[in-house]
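Below, chain A partners chain B and then partners chain C, in two separate complexes.
What follows is the complex of A and B.
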C-alpha cells in the first residue's frame, strides 16, 4: 500500500501540479519570500491553512459515496472563496482524475462531480489505489508544501539542498496536519490576495 | 461567566419590525436604540478567559435587525488555567440582519474565540463585520480565532477560520498583522474580485467577503471601507 501512496505524492505523477506554484510566485513578487527562512515560513502558513483543509477534504472523500462527494465539493468551495484558488484547485483536480483513472482504474472515479476540487480527486485516487483516508490526508498535506517548495527553488535559483532540507524539517508538522479530525476551515487572507493579484498578471510563469 | 442573548425580529403591522423576544443576561444588556436597532451593552469587564457568550438571533421574513455594541470589548486573560473566552453567534435569517459590533481588543496572553454561524433563507440578507486588534497599546498581541460559516438553503457559501496571534500556526513573519477587519455580505449585491495593499474582496453567491489587515486598526478599517462602500452608479 505504501508504494501507491508514494506514487500519489510523487511530483513526477503527471497530474499537472508542476504548472502551479501554490502562491509562491506571487509571494516572491511581493517580497514575502526571498530566502530559505521566508520560504519556510510561507510553506508553514500554507500547510496549516489550505494544506489542512485539503487534508481534511481528501480524507473525507476517500471512500465517500457520490452524494457525500457533492457535499464535500460545496464545502471545498465555501473554504476557498478566492476564484483564482478555486480555479487552480479544479484544474489540478482534473489533471489528477485524468492520470488517476489510468493508474488506478475504479468505479469510484465516476462518483466524482464534474471538475472536482483537487483534494476530492486525491481522496478518490487514494481509495482507488487501495489506500486509507489517513493516506489521502498525508498526500494532501505533503503536496501542499512540496509543489510550492520546488517552484520557489526554480524561481529564486535556490540551493536544492537547502530547499530539500527545509521541506524535510516540516515532516512533523505535515504529519500533524494530516492527522487532523474533520474538515478544518483554516483560511489565510494573504494567500487569497496573492492568488488574485497573480491571476490578474500577464507575465507569470505558473498558472497559480 | 455564561451569557445568553436571544432576539427574535418579526415583521409587524405596517411592515415595521417588532421584537417579540429580547432576552439578555450575564455580561450583556440589550437596549433598543432604533426602530430595528439593538445595542449590546457590556455590564461586566471583559470578556475574561473562560467566559462564554451565546447570541441567538432570529430575523423572520420581512423583518430587519441591526445589532451594534456601545464600546470595544477588551478580552482579558483568565486567572490560572489559560482558557479562551468564547463568543458564539447563531443567526437564522429570513429577513435582513446587519451585525457590526465595535472592535474586539485581545490583550496580551489572552485567547479569544469568535464564531458566527448564519443560516439564510432564500431571501435572507446578511451583513456581518468583525474588527480585531491584538494587544492594547504597548503590549504583546493576544490570540484571536474567528470562524464564519454562512449557509443558504443547506448549501455552505462561506466557511473560514482565521487564526491570528502568537501560537497561531499561520501567523508568521513577515505577515503577522496586529489589526484585522472583515465584512461578509450575502444578499443581492454581486461584486467582482478587488484587491488592495493588504486587502482583498472575494465574490460570494449574491455577495462578497472582504478582508483587510495591517499594523493599525484605523488604517485597516479604512482599507476595508474602500472595498465595501456601496458602488457608485456609473452613468
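What follows is the complex of A and C.
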C-alpha cells in the first residue's frame, strides 16, 4: 500500500505535473515569491486553500460511484472560480488518467470524464491502486506544495537543498490538511488572479 | 512478484515504434542547429503531399511557433506550442504528457492528419525523444558547432533514426572538415543514415524530405496502422 502511494505522489510519475507551477511562476513575476521565506509562505497559503480542496475531493472520489464522481467534478468547478485554474486542473487530470489507466487498470477510469479535475483522477488512481481515501488526500495535499516548490527552484535557481528542507518541514501541516473531513470551500483570490494573468502571457515556461 | 502479476500484462506488445494515427517525427538537437528551419522546410516541401501539423517545444515559450506562423508555412490551427516548465528535455523524454496532449489536440482538430513533426526545445547532445512520443526521430547538429560533434556522440548523434549535419556551407569559414564529420558519424551510428545539408542553400530540405517520405511509406500513414492492437 505504501509503495502505491509513493508512486502516486512521485514527481517523476509521467502525468505532466512538471509543466505546471501551481501559480508560482506568476507569483515570482509579481514579486510575491522571491526567496525561501516568501516561497514557504506561498506554499502554506496554497496548501490551506486549493490543497485542502484537492485533498477533500480526492478522498471523496476514492471509491466513489459514477453519480458521485459527476457531482464531485461539478463541485470542483464550483470551488475553482478561475477559468485558467479549471483548465489547468483538467489538463493535469487528463495526464493522470492517461498514465493511471496503464499503471492501475480499473473499470473506475471509465466513470470519469475524459478531462476530469486532477483531484478526482487522484482519487480514482488511489482506489485503483488499492489505496484508501486518506491516502488520496495525502497525495493531493503533498502535490499541492511539491509541484510549486520545484517550479520555484527552477525559476529562481534556488538552492535545491533549501527547497527540499522547506517542503519537508511542511510535512505535519500537509498531514493535517489531508486529514480534514469533507470537501472544504477554501478559496484564495490571489491565486485566482495570478492564474488569470499568467494564462494571458506569451512568455511563460509553465502551463499554469 | 505474485504469479497473477505478469509484467507482460502491463507492457504493450512490442511494436516498431508505431503509435497509430499520423506518423510522429521528432526533430531534436542543440540550440541554433536548425531544428525550426528544418521544420519550416519540411512543412513547405511536404505540406501539399501530406495532411501535416507541428508541435513545438521551444525553450522560450512560443518563439518557434511564431516563427512558423510568420513564415506562413502552416496555418495557426496546425501548430501547437508546449510549455515545458523550464525542462525541454523532460518534456520529450521523461514525462511526455504535455506533448501527447498537443498531438491529441491536433488529431482531434484534423481527423485526416498523416504526419506530425514534434520539434524539441534546444538542448544538448544527450537529448532524445521517448519512443512513447515519436515513431522516428531526427537529430540535427550543425557544422559551426565544430567538426568534433559527431565524434563526441551522445544518444542523439548515435541513436537517432536520422542524423542531419546542417550548415555545410559554413564549413570553409569555421575550418570544419565535412569528411571527418561524415566518417565519425558513420563510425558511431551503426549503419543508421546521416545527411549533410545546407538549409540555407536548399530551403526545401529535399534530402530530408525524401527520408521522411520513405518513413511514411514504410511505416504507414493515418489509418494504415496495423502494428498496434
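Note that in this section the second predicted complex is superposed on the first by the 208 of 208 C-alpha atoms of A that agree within 3 Å, B and C clash if a C-alpha of one lies under 4 Å from a C-alpha of the other, contacts with A are read in each partner's own complex, and residues count from 1 in each chain.
Simple rule for what comes next: a residue touches a chain if its C-beta (ideal position, glycine included) is under 8 Å from a C-beta of that chain, and two chains touch if they have at least 3 such contacts.
Values in this document were obtained by computation on a predicted structure and should not be read as measured data.
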Inset, instruction - Mind working out whether A:14 is in touch with chain B, chain C, both or neither, as first, second, both or neither? - result: second
Legend entry - Partner chain in contact with A:74 - chain B first, chain C second, else both or neither: first
Inset, instruction - Name the contact category of A:44: first (chain B only), second (chain C only), both, or neither. - result: first
Inset, instruction - For A:179, decide between first (touching chain B), second (touching chain C), both and neither. - result: neither
Inset, instruction - Scan A:82 for contacts with chain B and chain C and give back first, second, both or neither. - result: first
Legend entry - chain B versus chain C as contact partner of A:6, first or second or both or neither: neither
Legend entry - Which of chain B and chain C A:164 touches, first, second, both or neither: neither
Inset, instruction - Would you mind listing the overlap between the chain B footprint and the chain C footprint on chain A? - result: none
Legend entry - Contact set on chain B toward chain A in their complex: 147, 149-150, 155-163, 169-175, 182, 193, 195, 198-200, 202-204, 209, 211, 213
Inset, instruction - Spell out the part of chain A that touches chain C in their complex, as residue ranges. - result: 12, 14-21, 91, 94-95, 98-99, 102, 151, 154-155, 202-207
Inset, instruction - Note which residues of chain A are touching chain B in the complex, please. - result: 32, 38, 41, 44-49, 74-75, 77-79, 81-84, 173, 184-190, 192-193, 196-197, 200
Inset, instruction - Using the touch definition up top, name the residues of chain C that touch chain A in the complex. - result: 10, 60-62, 82-87, 90-91, 94-98, 100-101
